[in-house]
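Heads up, the thing below is written out as structure tokens.
Chain IDs A, B, C, D and E follow the sequence of writing; residue 1 opens each chain.
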């Protein structure tokens, strides 16, 4: 041993490899960190630069559309898309209000109504003839479908009246499950028979003609709808996407996938659909030409809504619908400027106010504007009128319902659950619908904090302080709901609290939507909360919710049936708007308010937040095709986005610093380990021996 | 089923769990081997702290499980409610959200003064309930789910594990196959499927969690049994003529208990965490039972508000975190105390 | 080796059959399809419509046919149509698998690597403050609910620090940035349990005799850890990594929802809310298949690491 | 017994001795009462081969036959893997026998009823090698000692307690040990408790499976003394399984040498140690280190 | 540098302690011995006496952080190993001093080939890869593996226990160490294999001239291979002597007791001598003589005065008052002799002696 055991200069190969290994570890980790920083360094935008620079609208919907089949789709989110792809005979004027104006869209001219005798087969085999009506609709003759592989050569073909008739036939097909089919079923001649034939037949024969919807033998752009009774509401239905022309080729080509492959002739077509991710609408080159309206309501010009008057529609080349389920995510995205507007039907976005219910200053600074629009809807509590305790038209139970009605404080409800963004409902009809009476005050919706009257009524009903004298126990009200999530539970809790002030015990029976529907169907419900949105701005579309024959499975979920009300309804249904109709509606109101099967609570106010780079924003309670009128100031948006999305690397640096500083003692430990003397007395301060 | 859905039953479970815990501690004190572990545990400050915390939560669960129906309002008033009523602000229901120690409601368009201004330590939730009280009440659900599940899964796992390990042969093959099948379905998917099929509710969740969680313990029991089966003391007992049952219950089972107890301790915390995730997926205990899972679930909306309603999420998360942390620390400490070989 | 692999695959078949039978029993034995039909038919279906729907979705077939449907067809990846949307489940899964696997594979690989690295570090510094701090940190990490991680980190990293998009998955815009935050969350949420476990494995190995042999040879401590201890510890580590596959699925479920990743997790959550049993069934099958494949891969990896298994 | 006393004809199987048969000389079986006799014992362990488990077998014990006379000690000697412990376990009924016959007290075990077999089992007990594993850590000494009696319903509980205390005294431990747990004792003490436990059911025959090989020499001597004394006092018969030839030559009367599952040689201690016949036996004997540094045997014993 | 005639390895007053929950365990408490060049020194003792810890202390492989070397000197070729830094010590391990262990089944890394594990030992200490490979092959041939080429590629589990121990030896010898520490190298092996391994070590020792420090509890092995013996009890060396001397004339009562308790042919039919009691707890050694509680010759002073390692009345280091005239109360030689005879301590065990007549009588009584 020349040099002693200490030095080991020849230990090269092995060590070199060990060193190389160590170096590789270091290099890899540095690379990972750098990659992370590089990844973070680039923009946090979820869009491509092209999209960001183009005239593109960035919007959001909360879930994948269940279906984009215009004959089936019925939800608000879906309508935002469907209505842009499937234009209808009529459309609502974008700017005009009070009243809403229907203008021709695909229609070439106003339909012609003629009196038409209709033969009706009675059940006993006899026939009778009634006075019916025939509407003749004529389409524009230059309409074409979008280009799509379902057509020969992939070129969109010409649209004729046949395509609209096809849509009617689809509505009558029970397997399509068209939600508005019941509106037609008892009115269009031959509809029930046609529908039945479909149900029976194995193969569906769409070539067969329906008696009540006929093609004009001479004009390929004209078809006739024959009704067995007057139905003035038909024109509104011609503004809903159910009656939009559909290509039979597309339905048959895509089959089960048709709900995800819409083929229409609207301003946009569906160019890309990534489930759970995004849905992109692109300008349809085959769209029928339309321009931005040049007349609006007073004040529209000042609001800049006429700046684009006369310009070709649509004003943006693309609409990107981000499908965002979590409200947290979409809110974050919105605040970063990556969404033009905050979602339409999302409660959470309404929480952006200062104390005085105005937009918070932070958002205002960011250029967000707030819009509130009373929606054409009504939310109500309904008793099951077949319920032995709460239902029926007996005086006793009527008083019980009235008492409960009086206990529900609409103002508190609005404050707590709608943050003030709703108006209290007095009756079925919402503002904006003919027959709505702003001066009407429902006597059973007048809340007083002492509940004096409610308690009196309750006592009169035989339940003093909510106690059933027969049993000595409290009356129980089963509140059936679908509150499986937190927000639902909150609202159930608040409502229960209100009713329980009466002394009645409220028991929440939450169930899943399917079980809830089954309960309603079987009439096993006792007390529910429900809402209705207008299909069209006619009072019939609301008051029919209490029409006896519309009981479950119809839309009358209260199972309310008052012969007097039903008689008035039948009378009012076919009337034209005017004082006479108003009078009948007033009578219906008096009857139904007294019976108190419903407790109308609110008419919702939709609140939307829009950035100032979005132009031509004006809400419409019925039309969902507004997107084609919107315009985008792309430069403004981009500069804002850039300013708001600068990553903050300080915490990362701080973290790195902490790790470095924190590992210094560790390095010292390593040093000590390698250099320590074995003898304890000599070594001193070995960190790891303690 | 209705009995199992009844309040009585649901309250029985946490009571049983707490009673079992107390019994186990009492018994353990009498067994020298456990007493030895005890001594080691006592020296571990973290473990004692964890035990105290678990004891506190257990007390809360017990207080929330015991109660009477109030004649006047016909609602159940638990001991915890009574204590809350005595303290004042805890039991006061406000009209809406309010921030911790706030004097006005929060998030409302027109904030209203509170009934108990500045006294809600953790604020109030959307219905105006005191968040602190709600958080405390959540302990019961945690014990209900965690304990209920373990009450279902532990006997099952021990029985099958012992059988598989001890008898071997076809019994082993069969049991291994059963849990092999169950274990190859990812837990969360199996849970989802089970709850969708069984329906929602605390008992269903316990059953579903029980089905998914017995596998781990069963595998552990089987492995340990296998180890002990060929130990000399078991052979000696066999040679003495002790029956299989006697060997399993008197010889093998007591020797498995340490491992089982460690695994149960750690398993409990896992179950509590799973409940909150199920609640988040909308498969939780349901609306009528206050749980941390429900509170966290509510936060997904509350966090999107401006101002952010953070106290609900924070309280529930912290309450959950502390309990789980305590169980994890206790589990680690138990492992060290019971099985010193495993100490590093 | 090939024989070994084949044997492992064959051994997985009875398990797979068991899973299929179990799911069949769950979804067809315990669940009344009429409830599903009613729920999917919207507001007020007539009995005829329900029958029609049942026929369309094949729920009216005799039990034997159903059995075939839930076993043979599953094995052939014929998942049928969604109960709710009528979509081909297979197509949807094809679309969703890519994003899901991308994210989860990256989380898995990153998580594994980082966890092993940290575990080795902690093991190297055993008994020092690094070890104590690391152990404490892991316990804290595993005591936090996944949901809280997602909500918290999305808020902080995405919204406050703006390190990446808080939402989205757009191939054209570059996947890396979309993946960044979800991966960080996935890794952070899963890493505590892994480190804790791996540390135990490493420390178990550190006390083995062969480690003493290596030291007696004069092998430096670092090399002992990396070459001798780690390679042996890889055996139990590999076994437990399969156990994390279900966790990955859970992670996927929640992460994808929050970050708008169009994967299978979000699809499953939709299926849960819509009671889409056909989809849940398919996902259970797929999840199982993945787990089984995971098991097999583990066993192969096992054999690669452990010569005792390889030459069995 | 002198080395030349060849009485092999006493057993019929010895007459048909062929090359496979062990070299047998002497043996006490012919003179006293035979407590245990084993004929053609065989044990196979299944091992799986191939995918679907084509069954294959590993033979652990093959064609083992011997007799043990009352009050005698037969040593079963062999290296690890020779199958000697397997034989012990089969005798005790702890491992099923593949083929062959075990007779105890003159009666074959196979044609007994379950109850009779239980009773016979009682008379056969065992002491194992590892004192740390042979007692249940969760049972007190009292429980361990009374359990066997309780199982066989021997005496009243009070009598069992008394007997447990007496047994403890007999193996040289204080009565105060009754309520303590195994971990409170040293290895040697535990082994004595294990012996007491075996004695608790009054056996006639004890299988000693390497009872001292885990003990230090100073403790080993205590246990060996105890075993000797008990044999003398109770007339016990031992089957002593061991690889420690020093203990064998000290304690055993007869020796069976096992190699690879077979008995290769059998005889009295003196026969085997003085005039080993088989090569294996010789090799085994020559491997024992001598205790005399002046006569080193191992060096050059050959590595290749 | 160290002179040629200085002892190769000298351990002086080594103290290795452990921190345990019950207090400090003094596993090795003042051990001294000398290992000469080319010689074999055996350290013999029962379990718990600290012999393995002594061996591990030399290479400083005491399990950390619980164990540490409290004091002492370990002079290797004249330089104190305890003065080296950790890194310097690492260079000593496996190169100058190599070690083999008791459990051949677990002492090899199961996931690396035999070849790798042998080569590694050389690569660490600076050998080139090619040369290492060649030497590995040579080593395996040397330790008697029948097919060394194949063995290089094999994994530990493919070899039997004896073969693995040979591989362990090959690893230890890879760098031609000056000292081989063998810690119970044959305890886990069958006797026939044990004989082979011991013979192999002996052979290799003769070839290479290395010194062997053999740790064992088996006096037979000591007799077979050792040149010198240290008997350890309770963390101390109680007696050390050349092997022959020790076996013919054990002096310490413990050594005597050990010999007397060995079962042997010439003791058939007699009770073996026993050492009553157990080894005391290492956290709480007896204050004075550590063997006193078990010693048949114990008297009052044994519990109060610690015995010195080199008493004047003996020709060798014996830690016992019997050999120290300075201690009062010492029993005279005849009393001791009588006591020894009564306890059977006088007769040396032998496998070869014919049984004493008394034993036959005794055996007959036993029948």
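The definition used in the following text is that a contact is a pair of C-beta atoms (placed from the backbone, for glycine too) under 8 Å apart; a residue touches a chain by one contact, two chains touch by 3 or more.
Here the structure is a predicted model, which means the values were calculated and not measured.
Note on connectivity: the fewest steps through touching chains from subunit D to subunit E is 1. Measuring from the average of all protein CA coordinates, the nearest chain centre is that of C.
Farthest chain from subunit E, judged by C-alpha centroids: A. Between the CA-based centres of subunit A and subunit B the separation comes to 39 Å, rounded to the whole angstrom. Distance between chain centres (mean CA atoms), subunit B to subunit E: 54 Å.
If you average the CA atoms of subunit B and of subunit D, the two centres end up 51 Å from each other.
The distance from the centre of subunit A to the centre of subunit C, with each centre set as the mean of the Cα atoms, comes to 34 Å.
Counting partner chains per residue, subunit B shows two or more touched chains at residues 282, 299-300, 303. Multi-chain contact residues of subunit E (touching two or more other chains) are listed as 64-65, 91-92, 95, 120, 124-125.
Not a single residue in subunit D touches at least two other chains.
Touching subunit E in their complex are the following residues of subunit C: 127, 207-210, 212-220, 223, 228, 231-232, 235, 305-308, 311.
Of all residues in subunit B, only 31-33, 231-233, 235-243, 246, 250-251, 254-255, 257 touch subunit D in the complex they form. Note for the complex: subunit B touches subunit A at residues 73-75, 93, 95-96, 107-111, 125-127, 200, 282, 286-288, 294-295, 297-307.
Interface residues of subunit C, counted against subunit A in their complex, comprise 35-36, 38-46, 48-49, 52, 56, 81, 84-88, 92, 95-96, 117, 125, 127-130, 151, 154-155, 158-170, 172-174, 176-180, 220-223, 226, 256-263, 266-267, 269-270, 275. Note for the complex: subunit B touches subunit C at residues 177-178, 180-182, 184-190, 192-194, 196-198, 269, 273, 276-277, 280-283, 296, 299-300, 303, 313, 317, 320-321, 324-325, 328-329, 332, 342, 344.
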